[in-house]
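After this come two complexes, each holding chain A, first together with chain B and then together with chain C.
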Partner chain A sequence: MDSTLGKRLSPWAFMLPFLLLFVAFLIVPMVYAFYTSLFIHRMGNSYFVGFQNYANAFQDTAFWGSVLNVIKYAIIQGVIMLALSLALALLLDTRYAKFKAFFRLVYFLPYAVPGVFASIMWGFLYSKPLDPLLQMLHFDPLASGAFLYSIVNIATWEWAGYNMTLYAASLTGVSNELYEAARMDGCNEWQLAWYIKIPLLRPTIVMTIVLSFIGSMQLFNEPFLLEALTPVSQTFAPNLDIYNMAFSLTNLPYAATLSVLLGAITIAISVVVMMVTRLFNRAAERRQATALVAGV
Partner chain B sequence: MLEVKLGRESLPRVESRVRPSSVLKSFVTFVVTVVLLVLAFYFLIPVVWILVASTKTQAELSSTGIFSFPAHIVLWENLKLLFTYSGGVYVRWFVNSIIYAGSVAICTCVICSMAGYALAKHKFRGRNITFFVILASMMIPGTVTAIPLFVVEQPLHLVDTYLGVIFPLIASPFGVYFLRIYIRDVVPNEMIEASKVDGASEGRTFWMIVLPIIRPALSTLFLISFIGTWNNFFLPLVLLHNQSLYPLPVGIESLLSLINTAAANQSLPLYQLVITGSLISIIPMIVGFIVFRKHIVTGLTQGSIKL
Partner chain C sequence: MYGWIFMDGGIGVKYRRIALLSSIVGAVSVTLVGCGDASSNTGNSGSSSAQMEGSTTPKTNSVAGLSLPKYTQKATLTWWAWVPNAQAEVNIFEKYYPNIKVKLVNAGAGATEYQKFSTVVQAGSGIPDVVMLEFDMMPQYISTGSLQNISSYVGNLKGKFSPWTWSQVSSGGGVYGIPEDTGPMGLFYQKSVFEKYHLAVPTTWSQFEQEAMQFHKKDPKQYFSYFSDTDGQWMFGLLWQAGVIPFQGSGNNWKVDIDTPQAVKVFSMWQNLVKDGAVQNISDFTPAWEKNLNNGMYATAIGSAWFDSEALVPYDHNLAQHKWNAALIPQWTPGNVMDGDWGGSVQAVTKASKYPEAAAIFAAFVNASSAELPHDVAPPKDGGGGLFPAATAGFTLAKFKAKNPALDNQPANVDVFEKESSRVNPKFQWSPWSSYVFNELQTEIGNAFAGKETVAQALTKVQEQVVNYARSQGYNVST
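Here is the complex of A and B:
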């Protein structure tokens, strides 16, 4: 009797430390954020207002403006970075690339540099007084028109090598015989990349799109750091808006409301992206299958 | 010059039946190498810049070319400025970063391997739903829970403490997911059963059989969680207000944010502090990264391929 009870309890005993922290520091804050978002603070008192904060948030043009802006950023940054990562991985996978290990290391190196320091270094390179080249070119990367692209550049610098590494790892799993067979059939390196490697990488590409999107929606460090060098709109990214709401305006219930909304939007769009790319993949696979059958 | 030599070296190694003409091949090799070098330069620019900038005085930063060393190198003076600033608070931040990253990495390994073992090798009611909830929570953006965490930690008196930053980072859903997969695939059931037949307790089996087998996965998780914590900015920024508890990124940001304020006009050498401080913060990460790269890559790719 005792031993069966012990058997039944022992997995939970192993789970206990993790579950305690998981519930206390992830689940409870989420639930509590939702709970807080149902109140307002007035004169040191809390009043239950139901979904009033959400009703306000839906009409909060500043918040939605920041969400749209960060979606625009996520698309531009995602396309540029993942195209670069894919090009790097494919280029280093050809027979023409020399010193592969050295280049892989250099491209992946920024992953080890904390985002804050990447932003500081690029921020100084962007600031006119420190950079005579910019003065000569009459170009100001911190001006409002170029600002978004300057942030795109920082994030691309930080994460292109990381994504390249994920692609490279998926490519090394492929047997060399497949490539040799394709070369025998007269495939050149372009065709090899386009008809064999990219289709093989498709699941990894989908995953990196989703991961990069989730990361971009959380954009905070780069614009927050650059604020020290140039005025940055608080509605450039939702997380700036939320941080400002919580700590400059000390409106925690409303900050919690926006946090909950941002989480929901991020998850919803990620799921949609995953579903759309799956459909797209299936269509592409079908096209390939018919092409193979047709003997193309 | 370098590229030309490369092109020649590659000449004798023409292989397989469909050989492009060797002139064409060495030309393509040359072009590819140039492209790769240009890109390598792009990824090294900021690091080279900060190395050069740390040897200059504040005035020289704007008066000399961004990649040219000054006539008189003042790296040593800049380091002295950094380490003596505000009673050596930079050293404090450095030690704090080691405390946060080290304790989070160790505790994550211990706690996640226990949970991963239970989920991988035990059948019990609620196992699948528990694992599903842990997996689903990986979708939640980290910054979304930071402000709510601040609200929850206030009544627990965890705001502005080491533990307040450490606890939330230990509960890593990725760690459990990663080790569950690893233990399920790598630890043979027969060894666990044999150990139990020999009369070993669950705890002893875990300690003597499971942990030694999964050591490679643990070192990978340790590194990933160490880097993640060392690089984390948003969570400590939200949870800490006492500057003697700051980790490096938050500390350096607090200096940077003074650059355009009144303090900058006083005699504080903020540019040198930020630049030298950033350089010293990056060096251990870059060195560690080069040494342990293989482990890190394994973890990142194994963890994400099955996502």
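Here is the complex of A and C:
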């Protein structure tokens, strides 16, 4: 009797440290944010308004514009960065790559620079009056048209090495015999990458897509810091809008409303991405299975 | 302390609402510092609540030229401020009031401090007794109930201050702070450039516009001036000077009128000059701006009374060569002379203060007493506050009237800013949504200058957004 109870409790005991933190720093704040979003503050008093803040938020075109803007950013940045990460990881994984450890470190290094300092540094590099090269090219990376892409560049510089490391780590787990067998069958490095390494990386790729997407939805540091150098709309990214609502305007209820909405959107899109990739995976597995059957 | 990233000259951040990166580094440490202040403030919480009820019949006495309530109980105040050499103000005060101890905390300048202040107000602990706020933040903190009406203690001091400043700290019959300093706007120009190109100091904006175009043709490498596209406070200063009254009201009832023909006229002129290349569209207090300033690229700058000590001295390292001078701001309607204000602060008493009377006395004493004013107006490098005082008694001091070495030895306070101070339009009011309004204006004017919309469309959008936002917060808004 005792032992079965112990067995039943032991997983919970192991999970307890995580659960406590998860509840204290995620679930409770989420519930509190939702509760806060049902009020407005005026003249030092709170007034219960039900879902009025949500009704306002659904008509807040600036907020929805900012959501679309970060989705656009997430797609552009995600595709460029992950393609680059994958290319670097595969290059470093070939037989011909020299000084692998050194280059892995070099590509990873930007990730070790805190995002705030990276943004400040890039801010200086982007400052046209300080940069003779930009003056020669007549190009201002901080102009409103180029701004989104300038941030894509910062984020790619910062995170490509990190994602490359994830891919590289997954690749080291692959048994060498598989590659040897493939080479015996006449695979060149290109075919090795395309037919063996990339399919093996698929779960890692899906994970990086989802993580990169969630990260992009939280876009904040870069536009917030570059604001000092160029006019950045407060509704460039939802988090800027929320931060500004909460700390400049001290409108916590509406900031909470937008936070709840942003959280819901992020979760919804993440779930969709995961479901779509799962469907693709299943289709691919089925194809492999039929191929196998046909081969036999 | 935070100012090192994009700029040096620490106090340069003083009047900056968005103090560049300082706000970011500050923001990162918001929670940490907030906690620190909370623990350091426990000294005055709950120590003695009986003492504050002492003076039921306010008797006043005259202290250093000010009629202030008698206060003999003990009190401990926490004061958040970023004025240069603020500790010296405290030291002078404590000589006159040995029973009131003041603990000075530098919680950052401008936006950095406001974020911390909002945080402690929300948290309900660690709230200072006296807090430094810029004029444009007063209605927001009054409307959120963060400040305390101190008119029963210091309401009699109204006549000691430039009249427009008193209306900035008053709302619906209450007084919520003591004006500290102001920034009546003026035109700064490089005498060296004006002599070289035989330019006359413009007295009207149409003259300014013409000279700008001609100057740029003569020397396409230089700009006649710059337009600060990330500075909502400065843009509203331009509107204030043009006689625009965007907000009127108090409490729950407000009238919003931003998209007036006069406002369209103001920004259209700047848009034309930027399009023509005569004026550069640039964020002030950035490295790029600093570089251009050092190279003498701007023949003029639209600044205000503190602009020399807070902008030119810290950022222009070739002052002797450029020979900056100040002049009266150009006028829109010559018959209707008017000025606006850019910057300037208030020492406000918080609602959470346990010693509101002591706090009110302190705020009044440091800003208007004859013991403090000579310190307040002295340049920061001489240990002073470097302030253009809101208390008019300051205008009579020798240090106030002195020749200004930063401005080619021009006694600019007397020549220009004392006059401008009396011309500041007293009808101008800030709203409880200043941060929101600044963001909207910066964004839309940015779009207009980029050619995405006309100035009139931009201002209409700002108007609509602000009205919608205010209504969503339950304010009664008329247009």
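Going forward, the second predicted complex is superposed on the first by the 263 of 296 C-alpha atoms of A that agree within 3 Å, B and C clash if a C-alpha of one lies under 4 Å from a C-alpha of the other, contacts with A are read in each partner's own complex, and residues count from 1 in each chain.
Rule of thumb we're sticking to: contacts are C-beta pairs under 8 Å (C-beta built on N, C-alpha and C of every residue); 3 or more make two chains touch, one makes a residue touch a chain.
Because the structure is predicted, anything quoted here is derived from the model rather than measured.
By the touch criterion defined above, A:Thr290 reaches neither chain B nor chain C.
Using the contact criterion defined above for the overlaid structures, shared-chain residue A:Ala62 touches chain C, although it does not reach chain B. Touching more residues of chain A than its counterpart among chain B and chain C is B. In the superposition on chain A, contact is made by A:Ser144 with chain C only, not with chain B.
In the superposition on chain A, contact is made by A:Ile40 with chain C only, not with chain B.
Contacts of A:Gln191 after superposition: neither chain B nor chain C is touched. Of the two partner chains, chain B is the only one touched by A:Met217; chain C is not.
Using the contact criterion defined above for the overlaid structures, shared-chain residue A:Ile242 touches chain B, although it does not reach chain C.
Looking at the shared chain after the overlay, A:Ser233 reaches chain C, while chain B stays out of its contact range.
Chain A uses residues 116, 120, 124, 129-130, 224-225, 227-229, 247, 252 to touch chain B in one structure and chain C in the other.
Listed in rising order, the residues of chain A touching chain C in the complex are 40-45, 47, 49, 52-53, 56, 62, 116, 120, 123-124, 127-130, 144, 224-225, 227-231, 233-235, 244, 247-252, 254. Those residues of chain A that touch chain B in the shared complex are 8, 10-15, 17-19, 21-22, 24-30, 32-33, 36, 88, 91-92, 94, 96-99, 103, 105-118, 120-122, 124-125, 129-133, 157, 160-162, 165-166, 169-170, 180, 183-184, 186, 188, 204, 207, 211, 214, 217-218, 220-221, 224-225, 227-229, 239, 242-243, 246-247, 252, 255-256, 259-260, 262-263, 266-267, 270. Contact residues of chain B toward chain A in the complex are 6, 9-10, 16-18, 20, 25, 28-29, 32-33, 35-36, 39-40, 42-47, 49-50, 53, 61-62, 65-66, 110-112, 114-115, 117-119, 122, 124, 127, 130, 134, 137, 139-145, 147-152, 167-168, 170-171, 173, 176, 202, 206, 227, 230-231, 233-234, 238, 248-249, 252-253, 256-260, 274-275, 278, 281-282, 285-286, 288-290, 293, 297, 300-301, 304-305, 307.
For chain C in complex with chain A, the touching residues are 5-6, 18, 20-21, 24-25, 27-28, 30, 111, 114-115, 118-119, 121-122, 140, 143-146, 229-230, 251-252, 283, 286-288, 291-292, 351, 433, 435-436, 439, 442-443, 446-447, 450, 465, 472-475.
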